[in-house]
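What follows is a pair of complexes built around chain A, which joins chain B in one and chain C in the other.
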Partner chain A sequence: MLRLIVGRLLFSVATLLLVGLILFLLTRLLADTPARIVLGIEASEAQIAVFNRDHGLDRPILTQYLDWLGRIVLQGDFGKSFITGLAMNAELARSMPITFELVVLAFVFALALALPLGILSAVLEGRSIDHVARVFAVAGVSIPGFWLGLMLIRFFAVEWGWFPPGGFSPLSSGLGPHLRSVSLPAFALGIYYVAILSRMTRSSLLEVLGTDYVRTARSLGLPRWRVLIYALKNALPPVVSIAAMSFGYMFGWALIVEHVFNIPGMSRALLTAIGQRDYFMVQTVVYVFTAIFIAANLIADVLNRALNPKLAGAG
Partner chain B sequence: MNDFDPDRRKLMKAVAAGTAGLAATPWLATLVHAQPNQGKTLSITLPNNPVTIDPINQLNHDSMVLGQTVFENLVEFGVDGVLRPQLAKALPTVSADRKTYTFELRDDVAFQNGQKLTAEDVKYSFDYLLNPDNKASRRGIFTRIAKVTVLSPTKVQFDLSEPYHPWLYFLTKYMGIYPVGSREKHGGDYFKSGPIGVGTGPGIFEEWRANDYISFKKNPNYWQKGLPAWDRLLVRLIPEDSVRVAYLMTGQADIISAPPPREFNRLKSFPGIAGASQPTLGGWFAMMTNTTKPPFDDVNFRKAVSCAIDRQAISDKVYHGLLEPSGLPAPARGWWFDKASSDSVSFDLEKAKAYLAQSKYPTGASFDMIIPAEPYLLDVKDAALVVQSQLAKLDIKANVQVAEFNVLVQKMIRGEHTATLMIIMSPGEPSYLIQVTMTQGQVMTKSTGYQNPKLDDLLRRAFAEEEQDKLKPIYAEMQQLLAAELPLVLLGFVHAANLWRQNVKNFKPSLGLTMSVRDVQI
Partner chain C sequence: MNRGIRRLVVRLGGWSGAVGASIVLAIALAALLAPWIAPYDPVSLNLERKLQAPDAAHWFGTDQAGRDILSRAIWGARVSLMVGVLAVVIGLVGGVGLGLVAAYYSGGLVEQAIMRTVDAIASIPLLIWAIAVVGIIGVGPVLIGPFRFANEFKLLVLIGFLYMPGLARVTYTVAQIEAVADYVRARRVQGARDLAIMFGDVLPNCLSPLIVQGTLLVAIGIVVEASVSFVGLGVQPPTPSWGTMLADSRNYLFSGEWWLPVFPGLAISVTVVGFNLLGDALRDMLDPRRSTGRLIA
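After this line comes the complex of A and B, so read on.
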């Protein structure tokens, strides 16, 4: 297990270094310069040259990259946005908890709904609940998140007034307003993964329920619930893998959800930064997303090893 | 089959504890999100993310409401397009040679830090703006100010290098008065993202939450007694059209800008909602044609394109009335509008065919027409397709290409484009964009590639006059010249449009496009 974790950590570091370099290449090779945004359309070429020099944008890309990386590793400093003038660390501290909460709520919601739905579909295969779950799953993966978000706003906020149309109310404004402000975004973000995870749970459980040892357990007269628990333990590893990856993917999907619901989280910051050519902000957010995704995969690997003794033995 | 072994149980417990910890993240979010102040709050929305509050570096008209809440000017361009004194007691006295402007300042104005406004502050503000080292992006339109002299604590004189009366119109949008020494004391970023105490305006900067909102609190010592009527101004940043509308419908916003044109008329008749629009005097919707490149190097081809575009159809079908058609860079409601000149290059398919036959490209031509990817004031994508289909009737093929706004602008500045279709905004007087796009030595000179000493002379004559009666024939002559040579193809002037809740009083769309909230009551 230790070897797995160390190996994965080394791989993760290498991935982060590579992602950082690719990000630098992609953002710096764009034809435009952020100076035009900061100084305005009437800025002269000389003014733009001064801006680029002041912000180190005229140095070789590799030098800029190493400088940026050095500051993160040695000082934990992600730098400062030259578009907004705000410190990146402060931006992360402000926006990251919001996105993190949104994703966690969506993830918990997805798991809480997907697992029972998948188990019921498998146990009651071919029955009406299975058909309903299938329709739900097809709808869940087919409906675009953007459209779903707008429909939720249209009916639950504008028509019925049950939820606010967008924005983020901090918990200090009250538990009710806070939960109301995150409910629709978390639902819009989680519903896709309810569909994915419930179908994965169903198919994995059906496969295990059809194996010899389950038939043997039944023939020995074990109660159905006990057989189901045994079967579930063996059906869980692929679900755990997909769930862990889904957790990472959700940070990407949050981009759309935060945009539609006007949530001032990291994903919204990323979208704004792209539009404003705020290189440092784009790099920082994508870097953090990459780290989260890698961490989620690492946790999935560890969990699977722990859940599946065969994999654990392969250590 | 295996039972859970003790290690895995521990692991699962750890996972459960971790999940519980994650579920507690709302508390973490709370730590970094203080609750906004309560009070009589006016909530407005902007469709894009501002870059700065500093008035001398403003880029985007929507965002100018921020700077205008904190900073004020000697004169203001009112919501109705009329120039009025603001920090000055009256409009300036102007010398006979039109080169010296003298302002008498109000003596009851204090900055938000309590410091009294004096003529020294005015001189300092302009000297800072005009110093090239300070890289003010709007410096270029004020460079004819040769010297600012303090005559007394309440009197200040501006000497211009040549007559240039439009500069007064540019103050509201691109300038502000701040205290002596404030730039050096606080640094540039202070004015950009947190200018507390350095303006005389009705709102004191409070907080900027990126991608969320920017807030201001009431200036309790504002010199205009009784204003503002709100205790707090909350400027929400909401890029998505539908969400902005939803905020208005649910009372989360009191006023919204840039309403979706196709929904505008329906929404303003909703119970509890009001709305209005008025055509701007400076919101150009134009095809910027590069006259140095084929096929726009031929004046008859440019005229053919102009006469082939049915502007009224675009106004009706695409913008639902939020575009006032015009064939030349003068709005139909402007006092300087010359109808005959505009009509001569407006929609007439037969005339378009005749012009095309006289051109170097009698069988039609193909060109790339670049449009901005994101809306600025109004989205032009649908209009571009209509223009494309209208030109196709003359066998003129417009290849629509989409580019990010700043990339598009850079191409125009360098003259690398053939044509662009876009909206650009001027401060609501006749000369600004003509000067910037059709005379030499300007930042957008290459957007048309056009130059004509006769136009330069007409502009000089216009800058030297201030009375409409004398200016009108000059601008009429200018429009006749532009109709004859047509350096660019104008489609019309966009409307300033807003929707607001009916509990909002004293608000109307500003002819300057920027929302004006100082006088609003809720």
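After this line comes the complex of A and C, so read on.
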């Protein structure tokens, strides 16, 4: 088991290095050079050369990449933007916690709703609650979160005034306003995963409930709830693994939802940077997101193997 | 009820499958026939008739530039379906090839190399990279020879590329079982070439889960395109698209023009429901034992 985890971890780190290099090459080769953006199109070659030397942009790309990566790993320093001169660490410290909180809230909401819903529709298979859950699941995977967000703002905020129509009230402004400002976005972000995870729970549990050992346990006269608990132990591992993966995916959709609700998180940082052609900032934000995504996949993989005895022995 | 219709419904995996297939067919027809069925020109401005509520002349109302929203929604189906379908085609071409070769040469260096590459590509989060890559390259059209590729082509190539790992794994999972079957050994004894066995004999037996996943991935691609267009990095004006229509509607959230966000959003949702219902029905029909998990986003 330990060997497996170490192996996966090493592979994840290698992937992160490789993907970082691809990202670095993209921003260096496909985008305008920072010197041109800062100095304008009328700048002379000499001025550009000076700018490049000052910012270390005249070195080979691989050297620049290793230098950038080295600072992140060794000093926790993401560097400074060539365009705005802002320190990335400050930008990340400002916007990352907001996005992180939004995703965590949406994730907790998704799990808290999906598990009971999935279990209920498996236990009551074919009854009306199962049908309602199915309709809900199809709608949940099909209605784009950002449109749902627009509709929620239109009706729950503008029309009825139950929630603020957007923006973000930090915790320092009080718990009530804070929670009200994040509930609609968390709902819009989480609903897709409620649908996905509840269907996963249902099909996984139904499969287990159909096995011989559950039938044996029932025929021995075990109470229904105890049989259900045994069944859940075997039904939940795949759901846990998909949930961990979902956590990684949610950061991507959080960008769109934040944009809808005007929340000053990573979305604003990324889109502002794109607007200002601040590719260093773009690269930093995307790298952080990719690292989170890879970490979530790693956790999903390890959990899947650890919780599933059939896979635990396999490489 | 007409027995023919009933038989068709049963074949489509019950009512939900039939509904899904009908939606997909209707949207595809709307996209193909847009120039003939759209009641108005989707891009011509008419400021005298701007922000009209739905009425007999404009069923879905008009937008801030007086353009007919129904016509724009019909034309918007073109770009959405194109991105959704072509991305899956690219993903299938790449993914099936990689998965088949890895499964066929199972146990060797080729398998390791392919599947580790697939794992590495799978660690790239789709939506963030779509936004960032378009943001870095820019939203302008790409000129290749005499052809002019609008921004949405960058998007669909990227989505297709990032679909490859998922589809490669699906192919690999199913093909691995097939590759050791007796009929493959028999074909080899007959002297058939490896490529002929892979694509002629193994592939046809792996198609069911690929059709199912491909259908479901069209739905995801449509939502990704709409999302990226919504933040201004996808389809560029004046081309009508559902995502940019929703982006425009944001300016009118506080005034009374509810039809601006409602109809484009319904267009996306109904289309995506169609592909999801069809995909689920195809799965119940073609792959009842669920040989592969559902690809998510």
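As a convention for this text, the second predicted complex is superposed on the first by the 277 of 315 C-alpha atoms of A that agree within 3 Å, B and C clash if a C-alpha of one lies under 4 Å from a C-alpha of the other, contacts with A are read in each partner's own complex, and residues count from 1 in each chain.
In this section, a residue touches a chain if its C-beta (ideal position, glycine included) is under 8 Å from a C-beta of that chain, and two chains touch if they have at least 3 such contacts.
Everything numeric in this text was worked out from a predicted model, so none of it was measured.
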{"item": "Partner chain(s) touched by A:A93 [first = chain B, second = chain C, both, neither]", "value": "first"}
{"item": "Which of chain B and chain C A:A269 touches, first, second, both or neither", "value": "first"}
{"item": "Touching partner for A:L18 - first (chain B), second (chain C), both, neither", "value": "second"}
{"item": "First (chain B), second (chain C), both or neither touched by A:F78", "value": "neither"}
{"item": "Contacts of A:L303 with chain B and chain C, given as first, second, both or neither", "value": "first"}
{"item": "A:L150 touches, of chain B and chain C: first, second, both or neither?", "value": "both"}
{"item": "Which superposed partner A:I256 touches (first chain B, second chain C, both, neither)", "value": "second"}
{"item": "Contacts of A:P165 with chain B and chain C, given as first, second, both or neither", "value": "both"}
{"item": "First, second, both or neither for A:L26, with chain B first and chain C second", "value": "second"}
{"item": "Chain B and chain C footprints on chain A, overlapping residues", "value": "31, 150, 153-154, 158, 165, 259-260"}
{"item": "In the complex, chain C residues that touch chain A", "value": "16, 116, 119-120, 122-129, 131-133, 135-137, 219, 223, 226-227, 230-231, 233, 246, 249-250, 253-254, 258, 261-262, 265, 268-269, 272-273, 276-277, 280, 290, 293-294, 296-297"}
{"item": "In the complex, chain B residues that touch chain A", "value": "1-2, 4, 7-8, 11, 15, 19, 22-23, 25-35, 49, 51, 57, 59, 135, 137-138, 140, 189, 192-193, 209-212, 236, 238-240, 242-243, 246-247, 249-250, 252, 374, 404, 406-407, 409-410, 413, 443-444"}
{"item": "Interface residues, chain A side, partner chain B - complex", "value": "31-32, 36-44, 47, 50-51, 83-86, 91, 93-95, 97-98, 100-101, 104-105, 107-108, 150, 153-154, 157-158, 161, 164-168, 170-173, 178, 182, 213, 217, 230, 233-234, 259-262, 264, 268-269, 272, 275-277, 303, 306-307, 309"}
{"item": "Contact set on chain A toward chain C in their complex", "value": "11-12, 15-16, 18-19, 23, 26-27, 30-31, 138-139, 141-144, 146-147, 150-151, 153-154, 158, 165, 196, 200, 203, 238, 242, 245-246, 248-249, 251-253, 255-256, 259-260, 270-271, 273-274, 279, 282-283, 285-286, 289-290, 293-294, 297"}
